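Next come two complexes built around chain A: one with chain B, the other with chain C.
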Partner chain A sequence: MIKKLTCLIFLLILPCLITLPSSAPAQSISNEPLLTLSFEQIQKQARGTLVRWYMYGGWAHVNAWVDTYVASEMKRRYDIDLKRVPMDAGVFINKLLTEKAAGKKKGTIDLLWINGENFKNAREAGLLFGPFSGRLPRVRQNVDPDSITYDFGYPVDGYEAPYGKAQFVFEYDTARTDTVPTTIDELKQWIKNNPGRFTYPQPPDFTGSAFVRHVFYAVTGGHEQYMAGWDPDLYKTNAPLLWDWLNEITPFLWQKGQTYPRDSAFLDTLFARGEVALGMSYHPPHAQNMIIQGSYPGTVKTFVLDDGSIFNTHFTAIPFNAPNQAGAMVLADFLISVDAQLSKFRPENWGDFPALDLDRLDPADRGRFNTIDLGPATLTPEQLAPVAVPEIPAPYLEALEQDWKTHVLDK
Partner chain B sequence: MSWINKGTTGLILKLSPLMLPYLVLFCGGVFLTVCQSAGIFTPLPHAGRALDAYGLILSDPSFFASFGFSLGVALISAAGSVIAGTFLAYRVWQLPAKLANAALVYKIPLILPHISVAFVVLIFWSQSGILASLAHQLGLIQAMHQFPNVLYSGWGLGMILAYTLKGTPFAMLLVMALLVRFDVRQIQTAAMLGASGLRIFFTIVMPRLAPALHSSFIILFLYSFGAFDIPFVLSESRPGMLSIHVYNLYFKHDLARRPEAMAILTIMFCFAVIFIIAYTKIVTRLENTVRKL
Partner chain C sequence: MKHFSGISHITTLIILVLLFALPAGILVMVSLAPEWRYPEIWPAQFSFKGIWFLVENKRVILSSLAASFGFSLLTVLATLLMCLAPASVFARTCFIGKPLLEGLLLTPALVPPMTFAMGLHFVFIKLSVADTVSGVVLTLAMFSYPYMFRALVAGFQTMGDTYRTCAKNLGAGSAAIFWQVELPLLMPAVIAGGNVVFLVAFSEYFLVFLMGGGNVASFTGLLMPLLSSSNRSLAAVLTLIFLLLPIVLFVIMDLSLMRMYRKKGMV
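Up next, the complex of A and B:
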């Protein structure tokens, strides 16, 4: 009997021992031997290798652009094979966490498409390789260093290379809606005048959460006060203004605010079917992309509110256990090149805004960017720049998403 | 005594190719979940005390709202599936042999993944869906939006529909397996002695089916209590299903909140274990009383 019990206990304990994480807590890696090499040497080392790029896979046009343009250029210029692996950022962060806990020195991911909370999570858990972006010649040459100091208020410190820029826009169909609000106050009135015709994706969805931050900025006196970092007292004084605003419009939302679209794709469907009159996206060319795809009618246009429109930079980063860090650096460098950024900027490819500083380019290259026709639905960089406001530091974002549930959803 | 021990060890050794993966993956997973819920082995060093995450969750009224809602959806859909499954199985069993073969179509939802069933419900029942346009075409409603708002009623009707659709054939399958071995002469005897159809069903057939009813109810109930796929497509924002809440905490929030996600999972797991134990105890007691009578 005792033997039997011992046997059983052993069998129960065994898996626990096997699953025990083997390594110590997070620590950032520095003095990487790779980072002492010149970029020419890194390029040479990367020749003939395979780079696995893990990225959000929900946009068919972006996938197509990576699989065709980026893959063929990487092969032609650097003799590097590119394999795109579709995966949500939250999922690959968890994959890396597991690999780190299991002490796996050689992973499967070479490059990540990342920013914001996921970058903060990855840095805090010591999941990233670097600092590497200062070693990339095109970052040094083409990018304004001030534009990549912070990512959602979290210091980048060279652990990410810039990849593109996004800014928040609203969408409407000129065939259905004549006039659109131009300020947050007008938006509130518009929602009340058009009950059931407006909603926003449920935070923590990326887009819905960004919409809530716009209102937060607008009803509490602008973004500047939050840029210094997390201030619990300031948050405590200001947040109720936001909840009041949101609760005031709730009864006039789609489904009377009883339920919210789960994500921005759901909102896109509601907008396309005409159930709501206003759409929203964190990507200025989104409406144009949907028109090209045939999901939206050609009469859809975009607009921004005068109170401000949040922009952010999205980045690429390299995991601590990337099997091909040299290849990943070459790809990250290529992505910020003039050619790649220009190709990405074309609306038929993606329309994503360049992360380059156009003033640093020679006039010929700058001209190439200026001649691109973004399509009738997309606002020009000149229209977007005056209202652009930066993203909020991540602790505010986390608090807003959590408290939205308490003060708006569960109220 | 020693030969018994030898036999047990031998048996365990022989079973180990099956047992080991199960133990490593399942028990290891549960072990890690419980640890992380207490702030041990978390991705970020845990600042507070071991049971902080539980305190946070149990002091949040919305957690109990979600818990109760998940419970309600699971209970109604499992009970509905078992009742409908039993009734249909009994009817199919009574059909003449030729028709009984045709009735095998009931197995189709069994092979459909849960997520497809969720989409079927979405396409049929939404206010811009197939049933709404059918009702509109037939002139039953004047405009599409007059169709009852089934999916966003706040009662989880969409999920209940999907789970019942998926669960009914499962219950049917288990019940049919018992029915095919059922001795028809018992029913014929009862009928000859003047028992009504209802009486035959409840006094003679039902008790024989009890094991299938209980096991299908437990399986369906616990599955719909914790599953993720159908709520992901059909759940409403409020009250949310627990599985969606955990998913959001795990994938979409700060890593520092990992213990909260794991604590909810641990609570759900404990609930499932307690439920199974309590349910089987109650069933055994009930059956014993019935036998004594």
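Up next, the complex of A and C:
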């Protein structure tokens, strides 16, 4: 009884405790003693330690790549044991929030694979260690600093290290579909001509939400106007155009738009079963991975729309209470090395695009990237680059995801 | 009359097969044929990639299964220890406010585990049991004891007071009464409650994840991310394992219980 009461009281206090640290401005200049050491000293300190890397665990091939290639290279090169822990970003952010509130100085997570939305939340609540990425020699050497200033419009400030690049693509099966649309306008017409053969995952699913942003860019005159940051008036004028476009196609969607796939995996299954004709993914090699895995037939190809295709850089970060910050920095540095990025780029391993600036590499290394065969389903970086457009700042993303529900789903 | 009961028997059987065996059968098919799709009635081609995944990852799968199995059994033990004394009091005595207290004791089964866990996590960090096996077991026990409690109260009620009085009259001390008379008679209730607690603990994902903090391996921790991915054949293979283990456990339990009773001449 008393236990239950204390539990209840804690439940009531908890939200206050969680919101407290977020009101304090996050520090941009660090006084972490580790960051005054040279990277050689950090490597020396990390020798013989264990690094726990918390990351999304839903991709068996990515798990296998981390468990085999990354783990064995970390052991061989730096004498570091790597333990991968599958955990969704939302869960580890919650865990860190509670640990911060309870004042736990030594946590369990060393390195996180984190997305833009959660990075912003984590930074605002002071959950991250840093700034550290400027201290990593391979980031300084191989990465274009302009490509890592913002993560979903939120300043990175060295609290994240780049890990890979992703870009949005559509998927279709050449055995079932002959021609595919090339613009957003054509897509609308195509959906109307093929009722029941198209749908998108329900936002806030990562992929579905990205699809909605593509339409938002295309029907409101491009991405440039949003890059300056959150402008409520601009949003208020432009958003109705998006809702009109989406509501116009709703009756022609799968299940007449009365229901949407819960997440992108559900859409993949619909596409694999042939219920819808077009799939989509935020990862260019996704279709090729699915073919290798046996879920898609070998006739599946990918395409992008001329209106633009959103790309982003994905990152790793270190929690404020990571027990092995030195080891985490060595791992983050290794992940952006030429060897790791090259191995990650191979479609049989993962196919994830390198976050390196290829122009900064010496010609021999650049050549190694160019010789990789991405497989027939994946578009080349040369095909993807001309249509690449940046991600929208996070406040727009959150507004779009929330309003999609009122203006499209509940309509 | 006999004819009629035969038909209803068959109908029940068909319904049970449709409800339980058919989905399992489909899981087996999906695990062997990831490309199986409409309008094929029978998969056009089979692949053993799902099985290969099992072979390649057998170390991780077995160790996480063992971990899940271990902390679930510990949870059963913990709930048993927690509930024996209160259940005996509730079954045997009457006092003011008993229904209210009984209702309150059942709340953990009704409150959403998420709410429950956030508050507990905070307390457990303060007590330094977060991210340990004992933390996981304690949380799961706190959350699943009502199932054990209900079963034990029912067990004590069926047993009644007569055996205890009888043993006392024959000169048995309270320890002997408990170990030699009451506990054996309570076994069916313990098994019934324990089965439910085991299942709840074994299939819990979020609580184990939050309290174990990734330090405590669990089979659900391995399974859940793959379930939400689009790799249907892997998800199916792992779900089959997930189904199989408790079934095997229950069969073993049931058989050993029957043997024990036969030996004692109780059946």
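Simple rule for what comes next: the second predicted complex is superposed on the first by the 382 of 411 C-alpha atoms of A that agree within 3 Å, B and C clash if a C-alpha of one lies under 4 Å from a C-alpha of the other, contacts with A are read in each partner's own complex, and residues count from 1 in each chain.
We take it that a residue touches a chain if its C-beta (ideal position, glycine included) is under 8 Å from a C-beta of that chain, and two chains touch if they have at least 3 such contacts.
Small disclaimer: the values here were computed from a predicted structure and weren't measured.
Contacts of A:Arg273 after superposition: both chain B and chain C are touched. In the superposed model, A:Glu117 makes contact with chain B only, not with chain C.
Of the two partner chains placed around the shared chain by superposition, neither chain B nor chain C is touched by A:Lys236. By the document's definition of touching, of the two partners only chain C reaches A:Ala102; chain B does not. Once chain A of one complex is fitted onto chain A of the other, the partner contacts of A:Arg47 are absent, as it touches neither chain B nor chain C. In the superposed model, A:Gln293 lies in contact with chain C only, and not with chain B. When both complexes are overlaid on chain A, the residue A:Pro86 reaches chain C alone and has no touch with chain B. In the superposition on chain A, contact of A:Thr406 is made with chain B only, not with chain C.
Residue contacts after overlaying the shared chain place A:Asn94 against chain B and chain C alike.
For the contact definition in use here, the residues of chain A common to its chain B contact set and its chain C contact set are 1, 4, 7, 11, 14, 88, 91, 94, 101, 273, 275. Those residues of chain B that touch chain A in the complex are listed here as 5, 8-9, 12, 19, 23-29, 31-32, 41, 43-45, 61-62, 65, 128, 149, 152, 154, 232, 236-238, 248, 250-255. Across the complex, chain A meets chain C through its residues 1, 4, 6-8, 10-11, 14, 17, 52, 54, 56-60, 64, 85-88, 91, 94-95, 98-99, 101-102, 104, 107-109, 263-266, 268-269, 272-275, 290, 293-295, 297. On the side of chain A, the complex with chain B involves touching residues 1, 3-4, 7, 11-12, 14-16, 18-21, 25-26, 88, 90-91, 93-94, 97, 100-101, 117, 120-121, 124-125, 202, 204, 255, 258-260, 262, 273, 275, 394, 398, 401-402, 405-406, 409-410.
Chain C makes touch with chain A in their complex at residues 34-35, 37-38, 47, 49, 53, 56, 104, 107, 115-116, 118-123, 125-126, 130-131, 206, 209-210, 213-215, 221-222, 225-226, 228-234.
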